[in-house]
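Before anything else, here is the set of structures, which you'll find just below.
Each of the two complexes below includes chain A, the first together with chain B, the second together with chain C.
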Partner chain A sequence: MTKWFYYIYIIAKNSFSEKKKIIFQMFNHVFFLVFNLYLYRHVYELVPSVADKLPYANAVWSMSMYFAVFWLGLNGIEKVFRQDILSGNVEIYMLRPISYIWQKILTQLGQGILPFISATVFSVSINYFVVGLPSMNISMPLWIMSLILIFLLSQILITFLYVLCGLSGFWLQNSESMYFVTSKLVMILGGAWVPIAFFPEFLQAIARFSPFGGAMALSFAMYPNFDAHFLSIILNIIFWIAIFAFITYFVSNKTNRKLAVNG
Partner chain B sequence: MNSIKYFFAQSRYNIKNAHALSASFWTGVIGMVLNNLTFFIIWMLFMQATGPINGWTSFDVFGMLGASIFCYGIMHSFFYGIVDLPDNVLKGSFDTVLLSPVNAFLKLSSSSFSITAYGDLLQGVVVMFLYGILSGFSVSSWIFYISGTIAGCVVLVCFRLLGALVAFFMNDSSIISRQLFELFLRPSLYPGAVFPRGLKIFFMTALPTLLTSAVPIYILKGNSAQLLIFTILITLVWVLITYAVFRISIRRYESGNYLR
Partner chain C sequence: MIEVKNLKKYFFHKNKKIVAVDDVSFSIKQGESVAFIGPNGAGKSTTIKMLTGIIWPTEGHISVLGISPQDNRKAVVSQVGVVFGQRSSLLPNLPPSDSLKLFGIMYGLNKKETESRIKYLEEQFDLTSFKDQPVRTLSLGQRMRVEIACSIIHNPKILFLDEPSIGLDIIAKKNLRETLAYLRKEHKMTIFLTSHDVGDIEAICDRTIVINHGKVVVDEPTNELYKLVDREKKMVMVGPSLEEVLTDLYKK
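Coming up: the complex of A and B.
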């Protein structure tokens, strides 16, 4: 375990040398955050009835959390797999003492940790100072603890989703189409651009009980009735983690047999 | 004239080249069409929840996304070489563009292509056509819609190029170039109806992202020749700025004496 944290630490330290990149990423994040705040405030002024579906502060927090988590970059795992498969470099990584999949996950985490922390700090500060805290039916400490739990579980689920997309490249050669479909389903059902509270009831249920919505469940945790759905959200994520862990184990064993070394 | 002939010949060659691997070509095209459908679904659901906003219905958002996808398709089908500019500068392979007897911008633009962008282009044409037919466009409406969209395409190429030109001032700028482009692209994917006046003016002039999406619909809905003229003027201003920055930037280029 210590070895893994050290691996992440080394990658994070290296990525800090690309300060310019992180500064631009955060500039982009803050710009988009402020833009979103301003735009949705206007929408709520134009159509006050949408506040019945979701209060303004909760809508803003929900979308900004989606984009903060996005910077962790676990959705980029598929691209790394794809590049290695297409370039034929995959065998180089397979000779190392840590398994190929773990190397890629830890590298993504190492590269994403700084942008993620920065984006979260910016999101929380800007949202807090502009719209205040989202209205919640549960106490603040309990809510924060639930957020941490949901964040950790949903990131495990999202990792499995994109690892599976990447592994499909061993059969498809180019797994980009798998990525397109998965990322867009996560985008719609995770409430990226429009909170799912705006969707019809049946779509909200699909979002809540699908792996794609579960992978971005942190955005649902910003809704006022979150306490009523807490248990179902957690159970849904755990259920999908178990399913995808089994599939990943099965598929990753098959990939070793599928690998063709170019020499 | 020779440069323009070269550009069209190269573009034709790029399309043939892309189509040579037909399975890969159609997978890419269909993948992109499905990818774009996401935005149609998201905004359709949004408009269903809010109802018409400022006179815009979900069908207008459909037309707006058609224009936006078309602009994106034009840019990445015919001018994709611009995207590779930061890498060319870094590796020192920009020499081949400068030493070519044809116009540097056209040579650079047509030097590469994106297969998936042909999906954008096809979908953009179909959506725009459907929007026009189902809305019962008059001749003037078609002129407004198409002219507004063409101005959007020009502005998008300008901004993609301006973002890429950072490479002449900074090392390893491909990520920064991409971030600048995302900054430009994102607001264009929101329905034009939800922009407050101040933000609308900002995104039509200082960062003219709405020109690539909502402005053709603003022109149509207002039946406004003045807005079309204003759009063309803004486009011309950005073309001049891009031209000036391009000239300044390429003078800064230092060859890496990269042996090939």
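Coming up: the complex of A and C.
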């Protein structure tokens, strides 16, 4: 296990050399946070009744954590697969005694860890100082522990989702269309466009029990009544992880036979 | 060490069959240094990729160190080193030692083993003069030395090289050839090389397999290839070759 952390550390060191890029990314993130705060404030003033469904502070926290998690970059793994397949670089990763998928996951984590930590610090700090902590029905320590568990599980699920999109490239040559559909479903059912608390009841259920909503369950964990759904959210994510792990294992075993790289 | 029997590889493009490798057979013993050459599109790289388990043959049998790369790719790649001259495996923003460390992790070396191998490779491959420079600032020749060092961090039994001297200047090529000759002599490493550079073949390989249109057309000791050409030598070169002259000029 330690050696994989060391692998991630070396990749992170390589990425950290591009400091200006990370600074620019964080500038973007802060801009989104501030824009988000302003936009939600405006909507809540226009339609005060929405606060009955989701308090302003919770909506802001939900959206900002959604953006912060994306900096980890596991959703970008499909793009990396696609570039490797189209350029033929996939062959150099196949020459190593660890699996191609595992190398790519570790590399994404290495590249994303610093932007993710920075984005999380910015999100938490700005939200805390501007809107305070979100109001929750459970104690803060219990909520934070639940958040960590949901974060870890949802990141495993999101990895499987996008790895499967990327693996489809071995058959489709270009997996961009798969990525487009998946990423839009994750955005909509993960609550990036409109918080799912504002969805009709049946759509909320679809969001909570679909793999796409499950992959962004961290944003649901910012809702006041999160404790009532905690168990169902966790079980849903575990269920989809098991399904996708099986499919990934099955599909990845077939990919070697599909690989054709020119000299 | 390497056994290839009746190897075939077909690709299909718009229902048209493209024959990349057509019934190739050969065997290579431990410590041999073999050039696998031919014109572009002859099937050289496809064969290397099948030998290392990257792509699957359509038909035929491959055994590398007694293992089929298709049945157990990981077992094969953990005992061989591979360098593709046209692709880089290095971390661009960090010094060569970090790429070596990353390879050490991937090949399951512990910290102590990795450090000792890095120290050894830095000395043997003359990496010390640029050991603190990020890889992106190195010359192509320096990078190729680091690539080879990375590919042998785990002290493999076989080294596959696919056009390693592509793009290198004469001095970098000379250094590369000396490095490979050293690996062969001191480490008894089996070398399987594809190259379009005749100088690489003369300097490194004692056996040459020529492939064309996917078929083996010649498999002879390198120093006996001249006998295959039915032609009298009409001119005798006196003095240094053009390559030697250019090497001296570059060094000035």
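What to note about this one:
By our rule, the second predicted complex is superposed on the first by the 262 of 263 C-alpha atoms of A that agree within 3 Å, B and C clash if a C-alpha of one lies under 4 Å from a C-alpha of the other, contacts with A are read in each partner's own complex, and residues count from 1 in each chain.
Everything below uses one rule, namely that contacts are C-beta pairs under 8 Å (C-beta built on N, C-alpha and C of every residue); 3 or more make two chains touch, one makes a residue touch a chain.
All figures in this text were calculated on a predicted structure; none of them were measured in a lab.
Partners chain B and chain C, once the complexes are superposed on chain A, both fit on it without clashing. In the superposition on chain A, A:Phe5 makes contact with neither chain B nor chain C.
Look at A:Val194: by the touch rule set out above, it reaches chain B but stays clear of chain C. Using the contact criterion defined above for the overlaid structures, shared-chain residue A:Phe31 touches chain B, although it does not reach chain C. In the superposed model, A:Phe246 lies in contact with neither chain B nor chain C. Shared-chain residue A:Tyr128: touches no atom of chain B or chain C. Using C-alpha centres, the superposed arrangement gives chain A a vertex angle toward chain B and chain C of 90 degrees, stated as a multiple of 10. By the touch criterion stated above, A:Lys20 is placed in contact with chain B alone, chain C being left untouched. Once both structures are overlaid on their shared chain A, chain B and chain C have a minimum Cα-Cα separation of 13 Å.
With the contact threshold set out at the top, residues 18 of chain A are in contact with chain B in one structure and with chain C in the other. Interface of chain B with chain A (complex): residues 24, 27-28, 31-32, 34-35, 38, 41-43, 45-46, 48-51, 53-54, 170, 175-176, 179-180, 182-183, 186-187, 189-190, 194-196, 199. Within the complex formed with chain B, the chain A residues making contact are 18, 20-21, 24-25, 27-28, 31-32, 35, 38-39, 42-43, 46-47, 50, 53, 174, 176-177, 180-181, 184, 187-188, 192-194, 198-200, 203. Those residues of chain C that touch chain A in the complex are listed here as 11, 40-41, 44-46, 49, 52-56, 70, 73-74, 77-78, 82, 84, 87-89, 91-94, 98, 101-102, 105-108, 134, 162. Within the complex, the chain A residues that touch chain C are 3-4, 6-7, 10-11, 13-15, 17-18, 88-89, 91-92, 94-98, 103, 256-257, 259-263.
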